[in-house]
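There are two complexes below, and they share chain A, which is joined by chain B in the first and by chain C in the second.
Up next is the complex of A and B:
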């Protein structure tokens, strides 16, 4: 089942997520990207109800962009996290979004940071975070091997350890994962870890 | 399981001779899973007024933001800080506004009033004030805190003894509660100074 996790390294932050779109007992898709690039230096990994996830992350992305257009300066990662929490918290007592979010970003002044925001809108700044069934394995793995001063190579190795553990120990393990990174040069896709490809569809 | 026990918390405030102390644990959990061990539950409203929020973390964050907003408006209008008694009435009113859909949090208010007279008070989630002359407790560890405070508290303690008492009461109480712990956070407030101390505790 859904696994989203992330960590902060020396001068970067990483978010990884599975890429399965599941409904009931069926896997509809194995290349669904659940990590949105919010703006040039922010990543938003989200899990939860599929529709809410797509709707809410896009809503946040567009509002962060709007702020930048209006004010000429981008929101800091902390500001974006607090804005996201605010939106989730107001929705909570009306029509809640079922989305759990890991927000990672890089700011010139504060360096890399990572925020945990769950669907009831609890916000907390962390060095490592995980959501979903994969969290039991990812959190244990990261508790054992994480260091605050990790290089990109060491961090990716740790992410791969987490993915391997999820794939080998979780009954309903997703086959494919995407890893994204954010550092001073911006937010970007880093790699895919695929064990199956979507079957090509014959032309109609 | 009660929504008040979703994140886990332990809060206590005690009165000494012309001083008071307020203490909390550090844990933020989601049921039995620990998310963070550096989650602050005590907030400084001004130098002689502290607010602790036990219960659901998201509502604690929302409520804190609303109370800071209201206190800042008061400061602007009145050009002075709020008295603890007044602030307690404000918290009570803000909570009762949501009588039929409450913030799932139990506040503890501790402050130095006129003439540096210590004031402590707690409330339920809909704002029913409960004033006390000795100590107040809140959170998932409240039952064990009652026991510890009842046997350890003495009236008119000097600041150093008060700190020792509240710390020992907190640490022994959280060891009997699965949902709180991971160390303690103590503020000791006298008419002249505020001392903040971090306690180490059991991490299991």
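Up next is the complex of A and C:
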């Protein structure tokens, strides 16, 4: 089962997600990136039905880009979150997207922010959030150790604590994770946490 | 004259003109004028009322100024019934945006959206263009106070000062001379009154013939205030445009 979680720090926000792509009992790949970079200062970590996840996050990413092209200014994180929620809500009673989303962003005027958007279009602005079976462990660890205005180092320490719990306590635990960060300098990949690396393949 | 080409709204004339659009602008040229002036601390809109009657229910009837959203208002020149349709469309577009994004719609995007609506009537459907020009005044966090003018062709522009309706060219040239970039809201009100008094056909001015509105910030909120008649009268008296009444 997929895990996505995130938290807000002093002037940044972090989103972490597992990187397993699973179909029934088969692991397709162990390096699937589930955290989409929406624009220069927004991250969208998503979990759920694989096809829906890719489709919906790309749809949101392209709409965010279109807004900026049309209007010359980027969407705020709050506006992007509300737009995303609206799209989920509109589809909900006809053809729902089975995707859970953690949207993190940095706005110059308001700083870092994090939004929890579940597949039935709930929207919550939060300091910390998590989805999936891993959320039982991630939320407990964050509830215990999270403080407001943490530094990047302190936040990564907490993220690693969460990953450790998920790895050790979840029966089918995802082996690898990706961590992305967004701050005033933009959204970017921060690190990978890999416990299983694919063996190097010999060339022909 | 290519009269053959002007009954169909959505085709060009051989000279490359859209006659129906031009005729719409003619109609506006006969309507009551409106002037907008962008100041450092707000936007001023002033309009000339054409329907003047003692029998008008003034508390409920507004002729020139309309609020589109909390942060955007407009002044109108042209066919009032056409204007009502477009004002409603603008209000809808603003609320749709706020519903989707939970944020106020940026002013230019609202003007652009309405202008796109107007443009549609110059290209398809076989319907005539709207006989209305607008002056949009508003505030948003991206560009602060803004003033836009839009016409029946669907063209729009951002202005520091603009005039629509009767004698707009004369008004525009006076504005070009007297406008300065650092004008305050108070000075803009006086300038607006002065320009309108010079371009209006009426021999005397009183508060019944005018509508004045200001857009400004108060405690972080955008305020749209239509000037009450007694305050407007005082402004006119101070500007020397109306003789003070006997019982002042």
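Assume the second predicted complex is superposed on the first by the 198 of 204 C-alpha atoms of A that agree within 3 Å, B and C clash if a C-alpha of one lies under 4 Å from a C-alpha of the other, contacts with A are read in each partner's own complex, and residues count from 1 in each chain.
Going forward, a contact is a pair of C-beta atoms (placed from the backbone, for glycine too) under 8 Å apart; a residue touches a chain by one contact, two chains touch by 3 or more.
These numbers come from a predicted model, not from an experiment.
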Open item on the list: Quick one: is A:73 in contact with chain B, with chain C, with both, or with neither? Answer first, second, both or neither.
Closed with: second
TODO: Kindly classify A:124 by the partners it touches after superposition: chain B alone (first), chain C alone (second), both, or neither?
DONE: first
TODO: Count the residues of chain A touched by chain B and by chain C, then name the partner with the higher count.
DONE: B
- [ ] Look at A:83 in the shared chain and tell me whether it touches chain B only, chain C only, both, or neither; answer first, second, both or neither.
- [x] second
Open item on the list: Per the contact definition in the header, classify A:109: touching chain B only (first), chain C only (second), both, or neither.
Closed with: second
Task: Complex interface listing, chain A residues touching chain B - done: 85, 89, 92-93, 116, 118, 120-124, 126, 129, 135-136, 139
Task: Complex contact set, residues of chain C against chain A - done: 99-103, 106, 108-109, 141-142
- [ ] Quick one: which bits of chain B touch chain A in the complex? Just the residue numbers, please.
- [x] 7, 28, 30, 33, 35-36, 39, 56-58, 61-62, 101
Open item on the list: Residue numbers of chain A touching chain C in their complex, please.
Closed with: 71, 73, 75-76, 78-79, 82-83, 86, 109
